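First chain written, first letter: the chains are A, B, C, D and E, and each begins at residue 1.
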Amino acid sequence: EGIKVGMITTLSGGGAGLGIDVRDGFNLALKRAGATDVEVIVEDDQQKPDVAVQIADKMIQSDQVDVLTGIIWSNLAMAVVPAAVAQGKFYLSPNAGPSALAGAGCNQNYFNVAWQNDNLHEAAGAYANSAGYKNSFMLAPNYPAGTDAITGYKRFYEGAAAGEVYTQLGQTDYAVEIGQIRASGADSVFFFLPGGMGIAFMKQYAESGVDIPLIGPAFSFDQNILQAVGDAALGVRNTSQWNKDLDNEANTAFVEAFQAEYGRLPSLYASQGYDTANLLLSAKAKADVADQDAFRAALEAADFASTRGEFRFGPNHHPIQDIYVREVVKEGDIYTNKLVGVALEDRGDAYAEECKM
Amino acid sequence: MSDVILDIRGLEKSFGALKATDGVTLDLRRGEIHALIGPNGAGKSTLIKQITGEIRQDAGTVSFEGQAIDALDPAARARLGLARSFQVSSIVPEFTALENTMLAVLGAGGGVFRFLRPALADRGLTDPARFHLEQAGLALRERVPASALSHGERRRLEIAMALAMRPRAFLLDEPMAGMGAEGAKDLTVILSDLRGEAPILLVEHDMDAVFALADRISVLVYGRIIATGSVEEIRANPEVRRTYLGEDA
Amino acid sequence: MMLLSEQVLNGLQYGMTLFLMAAGLTLVFGVMGLINLAHGSLYMLGAFACAWVAGATGSFALGLIASLSAAAAAGALVEVVVIRRLYARDHLEQVLATFALILVFSEGARWVFGSFPLYLTLPSALSGAVMLPGGLQYPLFRLAIIGVGVAVAVGLWLLISRTRLGIRIRAGEADREMVAALGVDIARLYTAVFALGAALAGLAGALVGTIQSVQVGMGEPVLILAFVVIVIGGIGSIKGAFVAALLVGLTDALGKALLPSLFARVMEVSAANGIGTALGSMLIYILMAGVLIWRPQGLYGARA
Amino acid sequence: MGRDAALNTAVFAALVAVAFGAHVYGAPYVVTLATKAAILALAGVGLNLALGYGGMVSFGHAVFFGIGGYVTGIFASHAAAGTPVTTFPFTIAGSAEMLGIWPMAMVVTALAAVVIGALSLRTTGVYFIMVTLAFAQMVYYFAISWRAYGGEDGLSFYVRNSFPGLNTFAPLQFFAISAVLLAMAMAFSALVTRSRFGLALQAARANRQRVMASGIRPFALQLTAFVLSAAIVGLAGALYADLNRFVSPAMLSWHMSGEIMVFVILGGVGRLAGPVAGAGVFILLEQLLGGVSEYWQALLGLLLLAIVLYAPGGILGLLARGMRRV
Amino acid sequence: MSRLLELEAVTAAYGPVQALFGVGLGVDEAEVVALMGRNGMGKTTTVRTICRMMPATGGRIVFAGVDLLRLPSHRAAQLGIGLVPEGRRTFAPLTVAENLAVAARPGAWDLGRVTALFPRLGERLGQTARTLSGGEQQMLAIARALMTNPRLLILDEATEGLAPSVRHEIWAAIRALKQQGLSILLIDKSLKEISAVADRAVILERGETVWSGAMADVTTQIADRHLGV
């Protein structure tokens, strides 16, 4: 018997690239598995929380989906997930992992297949230690994900803080912050600036004549963004739970199939979409979605070949996984990442203890 | 009670180097039409604006019915009973002639903050408004939007609105302008009757009307009153004839 | 001390960037009186055109030319097809129409260029930092932006206040019908002005896009900032826009640089950071509200 | 006049018919969409009072929408958590009663509007547009960094507030609540705009000088209208928060102000049912086009353009002309 | 004498409301024609149709041999029609000098000559039109029209709001312009002054030409019937 999936994701406007990758990765997995009995309804949330809520209502009330997925942004997830799981739907997160949903607000029907929001930042902190940095300058936008980022970094980073600066959300000019970095005497710069903010920052940083090494989470270094940053990103170390050269069978097959299907290299987000679909398929093979408890148990088993290699869920349904260090390199004409090491092994998250389910 | 309704003393107003009014002293008495004439740019409209409070004077005082009103804003002065007409018609274009006039009635009568009863069904507003439209010769045009009135018709509307305020003193800035020969004739009759109701300070370039109506005339030249007197005195004043009337004889 | 002088320079530089972004809008909004929400889209178009042509040909100069011409052409087209029919109507209908244009431009750009940011980087002659007198390192390209900004400011000011074309544009804003009745082909004049405004938006997009990111949606924040600058300066005043841009740039830079540390003197660091940054984001709006409450017609605006 | 009233009633009736029809045909989502349209139309009716009749083009009305929403969200979340909203200067408990929350939302919004309005009304025209935007942006950035209530992530409260005798979770019943409030707001605004106050207010929009010369202070008129307008928008914000069971700074953003304004203009500025038609048509187009192409927003833009170009005075302007011809 | 301007059975409407129902008039080279009628009878509307500020719905308008009916407004002006509009319509935010520069076209009238005609304007070249007194604005409107060096000057109540002495000067100027061969179409309320300068008169009533003929033939009876004086 089939299963009905509602995918709410961002397909228009400035953030569309991420949603498109998640969707494409998800669809690729279904296609490769020949899963014709999984019906996917995709809707564009326009990156607006209210629209996402209304689409979720529609999918639950009218389409009567069994599983929801697809949301990219934490604030949209916060708007949709609690009400959806309260109505007995499963939600599989292919990207956002706000701490509220990992800790006290966790739910038995909510599974995160990507990471808890802090994870990549924590890994960056761990990497900073191993690289011998003692005095980091930290930079993130002034919103919850930004404060989480710096909190995450500091959770593992043991050195001193040369500066801790929050920027305006959506800021595009970083001359002031770069000036502060220059004056700070830092030996390393940790930054979390997703999307266009990161592009602008790295370009301006490269031109500024400051040459303190940068570290950041994968979000500013994904396949699509790197092409826009260009040389300015070369050599920068960043942390990710995935990379295209991760050596496992599932990943090799995924990267190859994705390129063949869409004519571009897959990104982090595509891999997450792909894993989410495979998790779903693995559970479907074991249990009927109508039998919630059985289906949930099947999901908890996470019995699928992840592109990340080892993958399992912690007690709060968030991944326990390795997080790697990558370096930006140029392969021919294309800017991409190369694995250079492991930052954290078998990392769960800091909020699991608060989760009572 | 004194006969002086409006008392203006030593008004001064400069725009940069230009003295638009330069120590103007003038009064308006019960029952009279006091005409104010003078060359273009002499400061007549500026003087009116200082009386209504649209422009603050640099020096001098304006008292109305014995009370100094220098501290009041235009709305407060209007509520005391000072009504003006504008040299360039100032109407609400999307309102009909009737609604424009109702606005004047409303301002004079008060009770603006009533929210629920339709104004157009409010006889307290519509009746006086219709009456004054009729007076100004616009009875047939009451439902026409003011934006669709011809220039002369707008001038008439301007008059209707001044009348509708039922003020205690009128300040009329060139009411005859644009009225056409016939309109000027009608208006002369209206104003002549009106002075019994409230005195009129009349700024006007139409000398036929001024000479026919005025009880007193003051002549303002470059911010200064150079003469005040009866029609005959002013007509005979050689300086007025030269600088203003432009008559050689 | 070094930091402060660098931040003042950053503020001035950011102000010049803002002016460049606002320049086209001053012309169209301040002088023609048209509320053009699609200004940001033309800015985006310029950046995309530049990135695309520079990418294809390897020449930044060709990219700049492409950005100017693409934006000007789009501007002229928009004026003839849409805007022209709206002059006589309520200002608000222009708002709706140009809002619709944003949707068309943004999604159109995404359709043509894809959803991912584009590559646009500095020409090598202008890349890197130079040493300023006083020992301050400063990116060369930003100095170039300052230069272009000043040139545009002077050029626009001369155009508007000193040429007959400028006089006619302003007269047209005051009374279109009357200007035409005096023998000026106002329709063509406005198309030309709109295209010029668009070209300036496109130029700004190409230049500023070079140091920021070239992607769909990049025009939106610009739009608001540009309006802020023009309004603070006083609508229709090029000088005002220029001064306001510098003022906003300085306020923003110094606010960001100083507020958190100022708050840190009276409270704990992370709280100070949060509050300082929040206040920093609001600062230019506080500035705008303050200026307008104090001078309702803007710094150099004519009192209505 | 009679014709306009008929048109306004017809537009409102169409919205109600859609909702009830959808309920009968078992499409609860369409009922939810109709509810969204009704709530946004309510905000539009509020804005129209300031913008359409008062000539105050506010580009910051999202601030009132958002404040209404946040009041609801804060009260509801405290009610759920069983904590007081504040203990200073006196204790205010959380609440999940719509009838209690609405007046609260309206009062708080109105207070904000008094402050913002009094300062903004020093300016006119485009300056007014931008000052109102400035205030909205300040509140927006404040909300983004206001950790206590979620910051940028917003605030979820999982359950809808309750209305005595109704199950607010049933889409049709919630629609009914919204539609009744919309109808009341429309009736109120119809009365106000025709009253003495409305006459003076509309005059003040077109010609301040004349209004002052008539002895009326435009400032008082406009501030009153601005506050009334804001209170209605605040109520809409409260309902919208309940519809989504969620509030976030997005409700305060300039996009939201712009969207409400677009509904009003699209429907027809200064027309009673304009916002209803505008919100309805916009949401309808969004739904219809969403499935057509990934680039549906471009199509939406083109359709909006067509409406602006060929329907001066918005949708209702077009309908009114159509009726006159018949 | 040749016809410069000819209107035949011109009709025009403001949206759905028809305002002109059949206006005919002609102006010859170097001729002054007065257009007369009570308030709201269509004088200004006629002038607006001639200047193409509003479309005519029917009839014929020919200027200097060119059919104006389909031409845009600025073409009519470029052909040599200069307008002093009702209500002045000076460009408020522009200075006096700029107001004059907007329209200037080469010819006998230039800045020097118009300021000689209106010395007051000469003193106020740098002042914005918004702050001019009413009469000063009127002078500016006339001067502005002259700066276009028109073949036909249309004056719609150009002496409104002017002090008597200035009015005398303007009438003198009109006579001088006529002498120099300029054609003038004139609307004014002062019958006395019109009589002294106009060659012919055309009287409108409810948007229609009801009388036209030599100025000298405008009897008191005609004036009483059509103009109310």
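Throughout what follows, contacts are C-beta pairs under 8 Å (C-beta built on N, C-alpha and C of every residue); 3 or more make two chains touch, one makes a residue touch a chain.
Chain identities (UniProt): B, E = ABC transporter ATP-binding protein; D = Branched-chain amino acid ABC transporter permease.
Given the structure is predicted, the values throughout are model-derived calculations rather than measurements.
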Touching subunit B and also subunit C, the following chains: D, E
Joint neighbours of subunit E and subunit A, given as chain labels: C
Farthest chain (mean CA position) relative to subunit D: E
Winner on C-beta contact pairs when C-E is weighed against C-D: C-D
Subunit D-subunit E separation of Cα centroids, rounded to whole Å: 51
Rounded Å distance between subunit B and subunit E, as computed from the means of their C-alpha atoms: 28
Rounded Å distance, subunit A centre to subunit D centre (Cα mean): 36
Approximate Å spacing (C-alpha centroids) for the pair subunit A, subunit C: 34
Per-residue multi-chain contacts in subunit B, two or more chains: none
Residues within subunit A bordering two or more other chains: 12-13, 142, 147, 168-169
Junction residues of subunit D - those touching two or more other chains: 141, 144-145, 147, 295-297
Every chain pair in contact, whichever chains are involved: A-C, A-D, B-D, B-E, C-D, C-E
Residue ranges of subunit E touching subunit B (in the complex, touch as defined): 14, 17, 38-41, 44, 86-87, 120, 131-136, 138-139, 157, 160-169, 189-191, 227-229
Residue ranges of subunit D in contact with subunit A within the complex: 27-30, 32-33, 36, 141, 144-145, 147, 150-154, 156, 158, 171, 240, 244-246, 248, 250-251, 255, 290, 294-297
In the complex with subunit A, residue positions of subunit C that touch it: 2-3, 6-7, 10-11, 13-14, 17, 106-107, 110, 115-122, 127-129, 137, 139-142, 210-218, 221, 252-253, 256-257, 260, 269-270, 273-274, 277-278, 280-281
Touch list for subunit D against partner subunit C, complex: 51, 57, 119, 122-127, 130-131, 133-135, 137-138, 141-142, 144-145, 147, 254, 258, 261-262, 265-266, 269, 295-298, 300-305, 308-309, 312
Subunit D residues within the subunit B interface of the complex: 191-192, 194-200, 202-203, 206-207, 209-217, 221, 224
